[in-house]
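The two complexes that follow have chain A in common; it is paired with chain B in the first and with chain C in the second.
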Partner chain A sequence: MPDEDIRAEGAGAGAAGGDAPAGDRVLELSGVRTFYGNIEALKGVSFHIDRQEIIAILGANGAGKTTCLNSIVGLTPPRSGRVVYEGSDIRGRSTDSLVKAGLVMVPEGRRIFPALTVMENLRMGAYLRRDRQGIRDDLDYILSIFPILAARAGQDGGTLSGGEQQMLAISRGLMGRPRMLLLDEPSLGLAPIVIRSIFDTIRKINLEQKTTILLVEQNANLALQVAHRAYIMTTGIITLSGTARELMSDESVKKAYLGG
Partner chain B sequence: MTTVQTETAPPPASGSGGPSSGGPGGGVPESPGPDPAGAPEGRGGAAGHLARALAEFRAALLSAAWFSVLALPLVCFRVNAVSGGIDYLWARLPRLAALAFCATLAWRFLLRRLGFSRVRSAVAETAGPPPEGARGPGGSWLTLLDRAPAKRLLLAGAALLLLSVPFWTTPYVVTILITALIYITLGLGLNIVVGVAGLLNLGYAAFFAVGAYTFALLNQNFGMGFWICLPLGALSATLLGLLLGLPILRLSGDYLAIVTLGFAEIIRLVLVNVGFTNGPRGIRNIQPPTLFGADLNGAVKPLLVGHGLVHKDMDLNKVLVYFIILAIVALTVVCVYRLENSRLGRAWLALREDEVACQAMGINRVRTKLAAFALGSTWAGLAGVVFAAQISFINPQSFTFMLSVMVLSIVVLGGMGSIPGVMIGAAVLILLPEYLREYSDYRMLIFGLIMVLMMVFRPQGIIPSTRRVYIYRPEEHGDGGARPSTRNPDALDAGPGGAGQDGQAPAGVPGTAGGPPSPRGAR
Partner chain C sequence: MELFLNLCVSGLTKGSIYALIALGYTMVYGIIALINFAHGEIYMIGAFTALIFSMVLGAFGLSGWGLLFASGTLAVVYCAMYGWTLEKVAYKPLRGQSRLAPLISAIGMSIFLQNYVQLVQTPNVLSFPDLIPDIAILAGMRGVASKTQFAILAATAVSMVALTLFIKKTRIGMAMRAVSQDPTMARLSGVNIDKVISTTFIIGSMLAAVGGLLVGNYGRQMDFFIGFLAGMKAFTAAVLGGIGSIPGAVVGALVLGFAESFAAGYVSSDYEDVVAFVLLIAILTLRPDGIMGSATTQKV
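What follows is the complex of A and B.
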């Protein structure tokens, strides 16, 4: 298990909103530029994430947040720049090969498999894994975080409510036992109370599973409560960065994203 | 038709038999009427029995009438080839009606004896109302097939029947059945590609042709026998599938369909125009398969005919082909079933639903699709070899677009992704035209009508596909506090109808408890 050592090290993940834990660099983007045809969606994005951090990327619609995630996992390969994951350049590598390396994305809009049951959805998350015992343990763990999914185990994924689907999507991502989890808009279209519990879970996963998390969000308020650090994106470039606490008290951020 | 009657009949029984009961199980429409332990027992057993018998009688009468009307053209009209007119055989009608009547009674009795109606209401009671969207009780006699003893009985009966066919029928029937079985193989193969993996392949005939031509050419030029060519035909079709799949599987949906369509046409044109395939004249005198070099028609046949075991005109080589294709179908069913419920099968299903999510799960999109495409082609190759062996003469005309459409129709009509569905579909689409030869002018018309009606009223096919249901069983005695864990290493691999096999149904898991996996709804 390559991730055993990771679980063992660096226990001091700070409380949410606190200082970022010091650690080695998991992911580093430098000068990433991604195009859709002739349109430049990412105009040289650079940021980094350290081990066991929760990082939020905030921004308005069309700022390039999702493109940023897609560029990391290779769904929209960047035209230039470097994407370094655990020391090696992964730019242009296929999405599925990155899953093998422990980099798992939970795509925007949940994208669960509607005609597969909840249990089958979860098993799909563990597609690349062969360790039956490990899969079972993770399944138990996940169903203890989201007990509702255990109750829905035999149901088709498409029959779940939006919040349950988002829980399933995150759980499915966790079934791959990621070292780094990329979450794309987990709050999309959900009721505030559901969002709350999902964000609590994100923090819990980060603490208990020692998973590094990159979170893309429009809900800046909540994201900043969970994240250690955050980057703010506007039209394809990172315009502001800092710890969550700094950004929360920043006047311009307050004005633009936190409603005053 | 009988089946429809069995479903609709019970309500009148409760209405006339037990007015005092007032419909004991209001939620479950099947439970009141035919249940032996129902309300009539209290008021007067005899009256209740009589009413029930009357209801049964009426239902049987109704289905007999329906059946007679539907089967009328099949049974009572016959084209007279000599005079060119139509003979009307009305005398057959009463016999047919009587037969249908008895069959209905027997069928209903059987259903009762197997405890079918009771089991279903029991499931509904113990499991509570299934949460909306969960797979509730299927609501049709098809769930009967999910019950192990009935299923085993049915399978054994079907196997016995199929195995004995050559010994009590005419050569004509054997020939038709070989054709039907070849189409079943094709259907099951295409089912992997279209039904499970969701890749619309309109060029399936090409792989069939490659299998057939592999055998024909190797036999013609090198004198190679059927048994060597069978795997070689399959192999060449698989290789071709890989070769074609590599460039085109990045496409999806309509584009894929068009490319496969064009590809099939290319293969056919190559077969027509290339020298060594003998062009449109085709290849004739392909050797039939042999059984350990025995001269079946010369040495064995007189023996069998002498004992009255086979029809005197029966070609024993055809019989051998029949048994071979039967074995291939059995093999195909086993393989496809195992594939569908494997990790790869789940990946295919998932890929059909959402490619991006699949990639995010670590599934290699192209490789997985390629596997489906190539594996599907393998069966076409196998079927092709048998086809060439059966008719001993092939030309490109046998492998037109119509064949691809036919196989695709079998899959769609029978039920995408459903093994029994495909088999029924093939039987309907291949055998029916044989019995309706009189109306062959209208065949395509009827065919089109059937397809349209199917898509409107039953888009999931005759027998919709079912999959294994995986059940999560939390452990009763917690080993680590409140944290649930699975009970044993195989807890996740519950077989079909898993909960029925070891009676301990998980109480906290609605929707999965007790009930057999029911047919899945339309997609």
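What follows is the complex of A and C.
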């Protein structure tokens, strides 16, 4: 069981490997090309994610990782290629319809609504949901993971610290009850101890809520510790893929991304 | 002393009407960063439709409060449809283009609507009937404020409270605030931006229609051109308070109303428009973000 692996794993190497539940494909990109004006940011990207996997996309600044996520959720629609989510091609569909379908992104830089209270930020995450009881249950669950947010409930989002804002950003994403969660650079600009708790939470969500997670990170060490599999991206294409364990022991990966 | 009181009341009254129009400017700007220069025309259309509906319904025998509310409601609904259509026709196709494109389209719509009403309703100055019935308990206050002034203040207060509740308490109101703070994040939360924009235009137009109905009763005459100056003044009020800020629009409108009223009373009524635009120039020079506007909204 991959679940056992993750739970048992310590801070060090020993990631879960490539044996996550297979067969149930949640998301599949094939030959996705995205442009900013005439500049080709994604030059034919293909990868897939199965149900309840944690996948990391690693790469340097400007490799196209964020564009990749934006292309999936429809913020920068691809010019060609296929994006298949739960069996249907979603290329060109509006962002809000994808949120309704359980595909939720927590963007880079947290993007907390600064003049909305913490509670309102959380309610924005559940914007499309009508099940009052379910929303209340999810709120209780989230506040049990991040009790600090309960203490800050009435404060404006803009007054929170960076770490608290990242907790709020992930919580807001969870309030949409995603079946698949896209996380863009969740560790960016945070203190090591906060990063630890954020990544513990990512693992917890994956296990307890059975959420499929696509993680984009510059911090490859960290990402490979939680991910089952990873893809390495260089200037708009996937150049390497494998299980987290394989990539961690790969010499070229070590040299380029793991600092040694 | 009585002059001072009278000027206060008339400043408050003017300010209230400016506020009703200024809210439409500031809300649209808050959502899509567009100065909707055709907004003054919606207010003018509100005044015309209120007049037309009151004549039609009056002919059917309606009178008193019933006539006022029925024709007011119809004018509000009619203007809501105008505002919705205006956005769909003149601004939505230009979304994603340079910021100048919708601005030019707005000026074009303003000219078009003025000329359309001029053609259909004649360029003549029309007189507006006194729709507001006598209010017995106010008889003793005659020296300070007229029944029309009371009605304007009351209607404005009710509109403001309703708007505040809508923005603060409803789901779509929360989405409007979210869109004005971070449209991309609002989309990622599942907000349909088109719906929020339409709602904003509808609400702004409804408030402008209330303003049109009230101003008809106040000035008792109007023509197709009233939207231009009122629009400019309301725009001034919105900038004065800090464009994009809802409380700012109200504060800016009241400041403008009082300034004009005192200028007219103590200097000369020839100078009231001058005061309005001197204020605009002064605020743009000294405090470009307005009274309640904040520079932090540009934070990256």
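The criterion applied here is as follows: the second predicted complex is superposed on the first by the 240 of 260 C-alpha atoms of A that agree within 3 Å, B and C clash if a C-alpha of one lies under 4 Å from a C-alpha of the other, contacts with A are read in each partner's own complex, and residues count from 1 in each chain.
Throughout what follows, a contact is a pair of C-beta atoms (placed from the backbone, for glycine too) under 8 Å apart; a residue touches a chain by one contact, two chains touch by 3 or more.
Remember, predicted model here, so these are calculated numbers, not experimental data.
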item	value
Clash or fit (per the criteria above) of chain B with chain C on chain A	clash
Touched partner set for A:227, first chain B, second chain C, both or neither	neither
Touching partner for A:123 - first (chain B), second (chain C), both, neither	both
Chain C versus chain B, contacts on chain A by residue	B
First (chain B), second (chain C), both or neither touched by A:140	first
Which of chain B and chain C A:115 touches, first, second, both or neither	both
Chain B versus chain C as contact partner of A:151, first or second or both or neither	first
First, second, both or neither for A:63, with chain B first and chain C second	neither
Selected from 131-139, 221-229, 491-499 or 509-517: the stretch of chain B that, after superposition, runs into chain C	221-229
Chain B and chain C contact sites that coincide on chain A, given as residue numbers	73, 75, 94-96, 99-100, 104-105, 107, 111, 113-116, 120, 123-125, 127-128, 172, 176
Complex contact set, residues of chain A against chain C	73, 75, 94-96, 99-100, 104-105, 107, 111, 113-116, 120, 123-125, 127-128, 172, 176
Residues on chain C engaged by chain A in the complex (per definition of touch)	171, 174-175, 177-178, 181-182, 184-192, 299
Chain B-touching residues of chain A, taken from the complex the two chains share	73, 75, 94-97, 99-100, 104-107, 111-117, 119-120, 123-125, 127-128, 132-133, 136-137, 139-141, 143-144, 150-156, 158-159, 172-173, 176
Footprint of chain A on chain B - complex, ascending	131-135, 343, 346-347, 349-350, 353-354, 356-365, 469-472, 474, 482-486, 489, 491-492, 508-512, 520, 523
